[in-house]
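In the two assemblies presented below, chain A is common to both, partnered first by chain B and then by chain C.
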Partner chain A sequence: MTDLALILIGALLVNNFVLAQFLGLCPFMGVTRRYEPALAMALATAFVLTTAAAVSFVLHHAVLVPLSLEYLRIVAFIVAIAGVVQLTERVMRASHPLLHEVLGIYLPLITSNCAVLAVALLAVGESLSFLETLVFALGAAGGFSLVMVLFAALRERLEHASVPEPFRGVPVALVTAGILSLGFMGFAGLGG
Partner chain B sequence: MAAALTVVGVLGALGGLLAAALAWVDRRFPADRDDVVEAIDALLPQTQCAQCGYPGCRPYAEAVAAGEAINLCPPGGEDTQRALARLLDRDPGPPPTEPQAQVARIDESACIGCFRCVEACPVDAIVGAPQLMHTVLEDRCTGCELCLPPCPVDCIDLEAVATPVPARPLRILARPRNRDPESPTLACIRCGDCETVCPVPDLVPQELHWYCADGAWQAAGDRGLDRCIECGRCNQVCPSNIDLLAGFTRGRQALAEDAAARAEAEDARRRYQRHLERNAARAQDWERRRRARLEAGGDRPWLT
Partner chain C sequence: MSRTPASTAAPDAGTPAGVLTAGVAARNPAWIQLLGLCPLLAVSSSAVTALALALASAGVLVGSNVTISMLRRLIPDFARLPAFVLIVATFTTCAVLLMEAYAFELYLRIALFVQIIVTNCMILGRAEAFASRRPVWPSLLDALGTAAGFALALVSLGLVREAVGRGTVFADMDMLFGPGAAGWTMTLPGDWPGLLIATLPPGAFIIAGLLLGLGNAAVRARRRNAGP
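Up next, the complex of A and B:
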């Protein structure tokens, strides 16, 4: 149980995917201009991350390891994640239109996100169990969502702040991201 | 070799499996496309100019499907309107709201060559290069106004497409002769012969002649000079051998030029008015969006 909690905290804060490992920076900069899309993107990513980790785990342990094809995992994971996410999206569109309305356009966008692939690869690389993999993915997704929401809120505030002309827009956002990342360094050592 | 085959087999099987699953899901849960909207969208010109009041062609297509008027698309013009009416079995209604065809015109002396209008033009009707003057290809321009907002020096304006002024003098080559080209011209004796032969009802050539001789074009115009067909029969019957027609032609020329000048002035005034309205609307829209953003911050305490 302690192990699971440590994995969760580690993925959530200490090794935060965006601010400590610098993964998934495209949605981090691209979709955080406004609060609602950022939240939707965060939820969609949480969904895809968890699905991807589960699918990759099964693929790795049921197919690649028995055939000793571990070196194929990047290609295999990309194909599997893209396919499964696409499948889920189609089914969701038919069965849960409301949910699809919220997550819809973001799902295909993040199937090939580096954070998604990284979760799958890291979980396999550290030979976690299935449950641990799921918790790890959930932690990563939670960390990603947290950062997305935080950053979107900051950027909305920045929009109304008086920022020197040359810094308006992306430059000041990058500076903010840097400071946020520094702040997250404070979590280092939290998980022991 | 065997390893390579395994790799191909595994990846092939993985891809094939997912492809089959996707195909099955696609058939099992077909996307509910709105075919009416698709069909309407296909008829629109896809310039995304937003002159209809919607952000683009697709949103306008959706609005039309929901009952919006079909005559709001100036780039599409009457062709699009008729096509939409056929498709939707609706009455075509009045022609597009912008009956006056217009084209953009760049004031080349003010253009700074910033290239922004070139990028904004949906039909590639503006030619030019960065740092060089741009100009508009009139036969390509649809008058969609999309090039106006990006221009930093406001040197683009829309002009009415020039149409021939019908009141211009009609005679081009053949010039009706006087009754007797050799004999001298005498004063008008008010015999009224010209009035008898004039084919245009209610036109009194001798009266027009007096005004034209005085250069009082406007007064002649008030008395119907614009209806003169310049047939020259008055010239042929005039006993004083007066060249009435020469005066009429000059008068009609002057009237036409005057009308064109006034139309141009009116047009310029209208364009300037629209320019002001556009700017005001833009400013208002910006302010409204800013307010909306601020008000939407209600459930977002960090925006206070």
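Up next, the complex of A and C:
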């Protein structure tokens, strides 16, 4: 039980996927200009990330390992992720049209979110069990959503700040992310 | 993944030299288009890791651009994105296997980021915007130019972070170029103790932001001087 808690805290805060491991920066910089889209993107990614990690785990242990085709994991996982994204979109459109309207345009973008692939690869690389993989994915998804929402709120404030002309937009956003990352370094050492 | 309209990307895209240089300057994948930001920040803590990932990305980019260009008449339009992703994933696997075989120690330092080259939007972007519509030869040039631009961005950030963070330049190059390169390390003059934060994650964000801002300022200044 403590192991699971440590994995969760580690992926959520200590080794935060965005701020400490530089994964998923494209949506982090691209979709955080406004608060609502950032929240929608964070939720959609969190769902796909967790599902894709579980699917990749099964794929790896039920298909690739028995056939000793582990070297094909990149190809296999990227196909699994694309499949999960497609399936999520279809199911959501049929069952929750309202939700689909809000999240729909972000779903296809998730296929090329490197955090999703990285979670699947890391979980397999560290030979986590199925339960550990799920907890790890949940932590990663939570950490990603947390910083997306925090950063979007910060950037809405930044819009009205008087920033030197050449630094407007992305440069000052990067520096802001650096300061946020500095804050997250305070979690280092938490939970061993 | 973001699409770059091929027609507006570079006004002089007709000539071979234009195709080649557009990727380095006007359409620099990292600094201008902000593609491939994850690897850019993650592996630029020293020049050697930056250069290693730049070379691996270049291999994948050139291989997939040429392959996609060769197969462009065979890939049906509705299935083109999945097909492109599979081709890029195949070349990424090749890059991983090659690095595991010939540069294992270096591979261990950037393993994850070699594996996720497949999700680098820069590569899919070039496939979609260029290679899927043009013959092999221009696609090769386009890939080389884009790869050079990405390498330039990676290595410049890597050099600054290594110099500020540890006071050295080109340390550990023997991991990439064999034992002969062990003497390439240069130490900055003066007794620079190194500002540790530059090699840590916050330093990556802050230095990248500062470099980007300085670049913007330089471009603006030049435009102002060139203008009436």
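By our rule, the second predicted complex is superposed on the first by the 192 of 192 C-alpha atoms of A that agree within 3 Å, B and C clash if a C-alpha of one lies under 4 Å from a C-alpha of the other, contacts with A are read in each partner's own complex, and residues count from 1 in each chain.
By our rule, a contact is a pair of C-beta atoms (placed from the backbone, for glycine too) under 8 Å apart; a residue touches a chain by one contact, two chains touch by 3 or more.
This structure is a prediction, so every number in the text was calculated from the model and none was measured.
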Check your understanding: Regarding the shared-chain residue A:72, is it in contact with chain B (first), chain C (second), both, or neither?
Key -> both
Practice item. May I ask you to decide whether A:58 touches chain B, chain C, both, or neither, giving the answer as first, second, both or neither? Key: neither
Exercise for review: Based on the superposed arrangement, let me know which partner A:190 touches: chain B (first), chain C (second), both, or neither?
Suggested key: neither
Review point. Is A:173 in contact with chain B, with chain C, with both, or with neither (first, second, both, neither)?
Key: second
Review point. Taking the superposition as given, does A:5 touch the first partner, chain B, the second, chain C, both, or neither?
Key: neither
Practice item. Pick one for A:112: touches chain B only (first), chain C only (second), both, or neither. Key: second
Check your understanding: With the two structures laid over each other on chain A, which partner does A:131 touch: chain B (first), chain C (second), both, or neither?
Key -> neither
Exercise for review: Going by the touch definition up top, name the partner, chain B or chain C, that contacts more of chain A.
Suggested key: C
**Study point:** Residues on chain A lying within both footprints (that of chain B and that of chain C)
**Key:** 72, 75, 79
Review point. Tell me, which parts of chain A touch chain B in their complex?
Key: 35, 59, 63-64, 67, 69, 72, 75-76, 79-80, 83-84, 86-87, 90-91, 93-95, 153, 156-157, 159-160
Review point. Which chain C residues qualify as touching chain A in the complex?
Key: 1-2, 34-35, 37-39, 41-42, 82, 85-86, 89-90, 92-93, 96-97, 111-112, 115-116, 118-121, 124, 197, 200-206, 208-210, 212-214, 216-217, 220
Exercise for review: Using the touch definition up top, name the residues of chain A that touch chain C in the complex.
Suggested key: 19-26, 29-30, 71-72, 74-75, 78-79, 82, 109, 111-114, 116-118, 121-122, 125, 164-167, 170-179, 181-182, 185
Exercise for review: Within their complex, state which residues of chain B touch chain A.
Suggested key: 6-7, 10-11, 14-15, 18-19, 21-22, 25-26, 28-29, 31, 293-294, 297, 300, 302-303
